[in-house]
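Shared between the two complexes below is chain A, which pairs with chain B and chain C, respectively.
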Partner chain A sequence: MGNACNTITFNAAQCDGCGLCMTACAETKGSARIQVLPAEDKTYALSLCRQCGDPHCVSTCPTGALTKDVDTGVIAWNGDKCVDCLLCTVGCSYAGISLDAQTRRVVKCDTCDGAPACAAACPTKALRYVTTARIYNEVRDWEDLFAPGLSGCQGCNTELLMRHTMRRVGPDSVLATPPGCVPGMGSVGFNGLAGTKVPVFHPLLTNTAAMLAGVKRQYNRLGREVTAIAIAGDGGAADVGFQSLSGAAERGEQMLFMVIDNEGYMNTGMQRSGCTPFGAWTSTTPVGPESRGKSQDAKNLPLIMMQHRCAYVATASTAYMEDFYDKLDRAIQAAKTGFAYLHVYSPCTTGWRFPADQNMEVARKAVETNFVLLWEYTPGQGLRFTHAPDNPLPVTAYLKVMGRFRHLSPEQISHIQNKIEENSAFVTSLAQSAAAQA
Partner chain B sequence: MDATQYLIVGSSHAAIEAVNAIRLHDAEGSLTLATKDSQLPYSPTVLPYVVSGRSSPDRAFLRDDNFFARQKVDFRRGCALSALDPQRKLARFADGSEIAFDKILLATGAAPVRPPIPGLDTVPCHVLRTLDDATGLRAASGRARRAVVLGGGLVGMHAAENLVEAGQVEVTIVEMNSQVMGGYFDATAAALIEKAFAAHGARLLTGHKVVAAAPAGQGAVLALDNGENLEADLLLVAVGVQPDLGYLNGSGVACQAGILVDDTMQTSAAGVWAAGDCAQARNFFTGTNTLNAILPAAAEQGRIAGMAMAGDSDLKPYRGGVPLNTYRFFGHHALSVGNGDAPPGAEVMTRLDEAQGRYLKAIFHEDCLRGIFAIDEFFDGGVMWELIRRRIDLSAMRERFFADPLAAGRELMSQHWR
Partner chain C sequence: MNSASVAERPAPVSEKKPKYMLCEGNEAAALGVALARPDMVALYPITPQSSLVEHLAKLVADGRMDADVVEAEGEHSVLSVLQGATLAGGRTYTATCGPGLAFMFEPYFRTAGMRLPMVMTIVTRDGITPQSVWGGHQDAMTVREVGWVQIYCESVQEVLDTTVMAFKIAEHHDVMLPVNVCLDGNYLSYGSARIEMPEQAEVDAFMGGKDVNWHVALDPLRPMAVDPMTGNASGSGPATFVRYRKGQCRGMQNALKVIEEVHADWGRRIGRHYAPLVEEYRLDDADFALLTLGSMTGAAKDAVDEARAAGRRIGLIKIKTFSPFPIDALQRALRNVKALGVVDRSVAFRWNCGPMFQETLGVLYRLDRHLPAQSFIGGLAGADITVEHFHRVINDTEALMQQPERIYHEPVWLNEKD
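For the complex of A and B:
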């Protein structure tokens, strides 16, 4: 299997065309290999080598001067072999390799050997150097603990979360998956066979944390070190299962409780939960003459869990996998001695009504609008943001990418925007007071 | 007799791209690559640089043995295809050996044309198509004093420049057309190129033909159609290339000047594909099948053929060949992308700075770019190629595009296919 590679990414929505990337590139390399271009609607586009997987510049090079390094992903240019014929510039449709007017030779991005000056110089973070590849290359070598072929909806990110999380947690573990999408996808198995390679059980919605606490204590009594982990939905955690969750957290039971929050009881037909946001359509908060979606605000479960003074509490998003992985590692560590709580936002293709290929983009928009805040908490350090909530996009950028908010009135939208700002201000004050005490 | 699932004949760009494409879809199927050459793969395009010394013969290779090991290819050098039997799926080679195949790709390239000049077969002359040709020509260049190059195309001009740069050689280029580089540039651009050659001491005889050749000492004497006699101790014949398809005799595979292929590079025979200089594929502009013996077309056709052979469902049919080339002469860059003919209704824009030797020409037809040609004016050739093939409407920005094709092209790129 191929190697995942680090890459420079460009988020056009965050680019203001300042051109500092070009200056930084020119200062580092002698001439800019990156160019910001005006595009439609006052947006900007990029001309930069994409380090293609199937590079046509390499195909059209007559001397073998261009080579794709399969480990780093970078297409390298060998100036000794190059004869300056320029055929590579004809092969590339993206203006990724071009003639430098000064040297009269071709130039292209080499990602500054893994520390690109352009990304470092970008003040808006429109350009980023994404090193998530490391994660995928590591994960690839770990054992997959789920059966092949989980029966999720098309485009759902829960299978990714289940497989990644359990690969990282490893085989010395016991898994609890209360009713919800996770067992619905097959964690508890089919036809009498378990869906996992580790002990898995299917508690009631109400008693997940209590049962898992008991199992973990029994393993402790036997002297076996195992990670007790629950992967639950938001309904099972925030509503009907909350008392056992709260109790286990309060007692500091040694476990990792992970909530995959798709903001409703999606597995049973998309009913509203305590985590369903204001205004959202669900099958029990319909849209019609009387009802205009959910009329209450969501409860903020991760903040409630923080108030339990758990050993570790964090929120995460699959649009930010490096951040998720950092938090998963800390949660696994914290669960050895206390209660770790990890809350992962999971856009639901079916219930939220967006195209199956848009899951990551919806997850990203939630963070970019501050609809979702990414932070972590420990009793010693308090709360700190892992993704700065500064300069958020208006919430409409998030609401418009899915169908469940399509009916919203301007009043409802401004209600949601106000709640976001209120929540953001509140969590910011927590982060500031933690920073002040540090 | 050996048997293989995929048999590729040839070892240059089309063949290598086909190997990559097959392996992306079928990691294990047995793959044999047979080439008549005794070397590792190389590009004919690199050969003028081997002649000039810019590339050394041992560093001119496109891929090494590791490539074939990694891609699980049985690489056989010195294997010239002599006959093909598509019914029995058998390929016979010059040494009498046979290979049975399921699918075969003919990527056998082209060979230099020998013009029908009386006496040419009696005089020592060079051509430039193989690495051996290049090393031979390089050695001869060192000894030559009076060189004659027949043909003012890419190969001839490139070689002539090398001879001029080597010093001590008197170089004459004979081109029967009224200008050099006729396939890629118009008369204005050609005049700039010719001027640069003249300034470096080369003699250009355009619009003239050699009518007879006879041996003279170690070299030859060439009679021109104007009665002049040219003495040459080095004669390079570079009047073009054509596929050498003797191996298809009796095979039933349809051919004209090249092997006729459809938009997946399949020939008229089941299980037989062709790509590169030997293939006659659809022309983007005319819709008819024409030869387009250029490197980018070979790479693209090879990729498509490999995908088709492996049954890759991502295969997108060939969009049609577009003539394009890059040419560097005496430190200047010339770029040619697209069709140089201006059909009725076409708009032609030109800009010439004779003092600086800069020239830009663009041809628009039916609101779209048809061709763009430049000397020392710069744009992204690949972006222009894509603008032509996507038939992007430029009617609203023609002037702005022509004023700065580099910036405008990138802007269009970011709007249409980023």
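For the complex of A and C:
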């Protein structure tokens, strides 16, 4: 299997045609290898080399002047071999390689050796340089510890989280998957067929952290190094299981407790939990003449866990896997000596009512609107943001991509927006206070 | 401690000097736990159990017991922590009572289902409303149908000895069930008496090796999915479930024999003998009998002795092992009895009687004759059941012999007018 490669991505919806990317490219390279062109309905289209996996430019070049680097993915142009036939420009569907009017030779993007000037110059983040390739390249060789074909809903990203997390944690572990979507997918298996290659169990919904604490302590007593990990839902962690979670955190039990927060009891029919946000439709906060969704705000579980002064606390999102992987590594380390808590926001295609192919986009919008804040905490360093949008979008950009908020009144939307500002200001003050003490 | 180190320990010395001490029942339980060398104890205080966990914490703090102590945030987590430890191969112990037992009901139910050989003392306490922190059997009786072995003690010495034996019973491969050692709140928990401490080496030899998770484990060296989902009725799920339940019932029935064997072994090695299931006291030529449970039995035996001195042909039956219910042993004990008075320290609401009386009715059905019986309920909320109370029980029960066809109707409430 070939390497995955970092790449420049373009989000047309965020491009306002300012052209700063072209200027930056021209200043760096002498002439612009990127073009932003007016398209239909006042949008813009991108003309830029995609560094294709099966590049037509390379295959049509008669002299071997174009070659693809299998490690970086970049298609390089060799001026010494090029005979200026321009066949490559005909072969490219993206106008990614073109004739430079001044030099009378072709030019194309080389990603500035992994630090593209265009993406750095883009004020709207329509252009981004995505560097998650290393994750794929590292992870692919680790053993997948789940059975193929887990029975999640179409488009659910929890399976992704389970597989990636356990690949990283590895086989010397004991996995707790309390009742919810994770065992619903078959982690503990059905009728005697196990879904996992490591020791796995259903705790009760209520006692996950306590059972894991007992497992881990006994292995400590035996002198064996075993990672105790829970992959739990928000209901079992924030509501009925909170006592055992809080108790284990207070005692500093050595474990990695990961909450996949889909903001409700989704496995059992999409009922409200303490993590369900204000205004959201659930099957127990329905919409009707006397009800407009949930009438209370969500409990901020990661902040509550931070107040336990756990060895490590972080929030994460599947739209930012690099960030997630960094935090997972730190959480695994922290779990060797204390309580590590990882809170992953996980959009639910079924319960939140959005198309199955939109999960990552919904997760991304949550972060871009500050509906979800990505941060990490250690007792020594305090809280710091790991990915904060410079110019957060209005919350409507998030609310409108799913059905569970479609009934909201302007007053409800403004309540949610106000709560976002309030929460953001509060967490920012924590980060500033930590930075001031550093 | 592994089994090899057990085998190397010296054999009991027959010419040893007995080691006596004065202690309360809760301390005797803690000393019994220490003798059994658990890997982990989880603690949460509740009256009248609290001094028991204090004694345990102190034993560990003083270096007299090598166990991991988990000061959990509630009884629910107490039992859950121990489930995890047992699944990882540890010998585990805790104690609770009353509301604590109610709060841990969810993992309590599951401990038996997973066949985890844990030992938990119930320092029995009456139920709430009105609020009562005093002794009574209502807590243990309420969970008698959940699949734990339940053994009741009569004396402080028996608390110590039975606590050690409980581990051996629980971990026996034919049983593999959790065991409750029940001792009466207030009367045994705080009642002090002289006890004789067994030698650690003798107890080690008695206990043998430890193998608590051979059947179910959370161990990366032998990965398995613990407690899988059973599918719906279209597949093999219900059949799997039936095997679990049937296995639990078989384990309970096996426990009857194992409890007898373990008590016999303890008697041989340590020199103290107890009737493991049902004790018969002055019963051989008795015309009528009392049936008792736990610490009340001392006063009951005194009353029986006095009645015997007055020429009345009365005997006593004490149940030690309440769960599994010792059906055959009780049936044997009732072979010549013509009237029976059953004294309970708790209430069976549905039958308007005591729970032990209700259970006994099932045994009476196995007799080929009608045996008139009366339910007496006493000792609720810490009330004392005195010798005088038992004389009333004896009088009422003797009177039953004049009414051989009498069918039970109402309980006698012993402490109602104290």
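The working rule: the second predicted complex is superposed on the first by the 408 of 438 C-alpha atoms of A that agree within 3 Å, B and C clash if a C-alpha of one lies under 4 Å from a C-alpha of the other, contacts with A are read in each partner's own complex, and residues count from 1 in each chain.
Methods note: contacts are C-beta pairs under 8 Å (C-beta built on N, C-alpha and C of every residue); 3 or more make two chains touch, one makes a residue touch a chain.
As the structure is a prediction and not an experimental result, all values here were calculated from the model.
Colleague: Determine, for the superposed arrangement built on chain A, whether chain B and chain C clash or fit.
Modeller: On the superposed model, which is not a single observed complex, chain B and chain C fit side by side.
Colleague: Using the touch definition from the top, say if A:V215 reaches chain B (first), chain C (second), both or neither.
Modeller: second
Colleague: A:F278 in the overlay: touching chain B, chain C, both, or neither? Say first, second, both or neither.
Modeller: Neither partner.
Colleague: According to the stated criteria, A:Q243 is in contact with first (chain B), second (chain C), both, or neither; which is it?
Modeller: So A:Q243 only meets chain C here.
Colleague: Touch test for A:F385: chain B only (first), chain C only (second), both, or neither?
Modeller: neither
Colleague: Once the shared chain is lined up, is A:Y129 touching chain B (first), chain C (second), both, or neither of them?
Modeller: In the superposed model, A:Y129 contacts neither chain B nor chain C.
Colleague: Identify which of chain B and chain C touches the larger number of residues of chain A.
Modeller: C
Colleague: What is the value, to the nearest 10 degrees, of the angle subtended at the Cα centroid of chain A by the Cα centroids of chain B and chain C?
Modeller: An angle of 140 degrees, rounded.
Colleague: State whether A:V198 touches chain B only (first), chain C only (second), both chains, or neither.
Modeller: A:V198 sits against chain C, while chain B stays out of touch.
Colleague: In the superposed arrangement, which partner chain does A:W142 touch: chain B (first), chain C (second), both, or neither?
Modeller: Once the two structures are laid over each other on A, A:W142 reaches no partner at all.
Colleague: With the two structures placed on a shared chain A, what shortest C-alpha distance in Å links chain B and chain C?
Modeller: Scanning every C-alpha pair, the shortest chain B to chain C distance is 36 Å.
Colleague: Considering the complex alone, what residue numbers of chain A touch chain C?
Modeller: 171-174, 183, 187-204, 206-207, 209-222, 226, 243-244, 246-248, 250-251
Colleague: Under the definition above, what is the set of chain B residues touching chain A in their complex?
Modeller: My answer: residues 13, 17, 20, 24, 43-46, 49, 54-55, 59-63, 295-296, 299-300, 303, 324, 326, 328, 331, 333, 335, 337, 378, 380-383, 385-386, 407, 409-411, 413-415, 417-418.
Colleague: Where on chain C is chain A touching in the complex?
Modeller: So the residues of chain C touching chain A come out as 39-40, 42, 68, 70-74, 76-78, 80-90, 92, 106-107, 110, 217-220, 222-231, 235-237, 240.
Colleague: Give every residue of chain A touching chain B within the complex, in rising order.
Modeller: On the chain A side, the touching residues are 35, 37-40, 45-47, 54, 56, 59-64, 81, 83-87, 89-95, 98-99, 101, 104.
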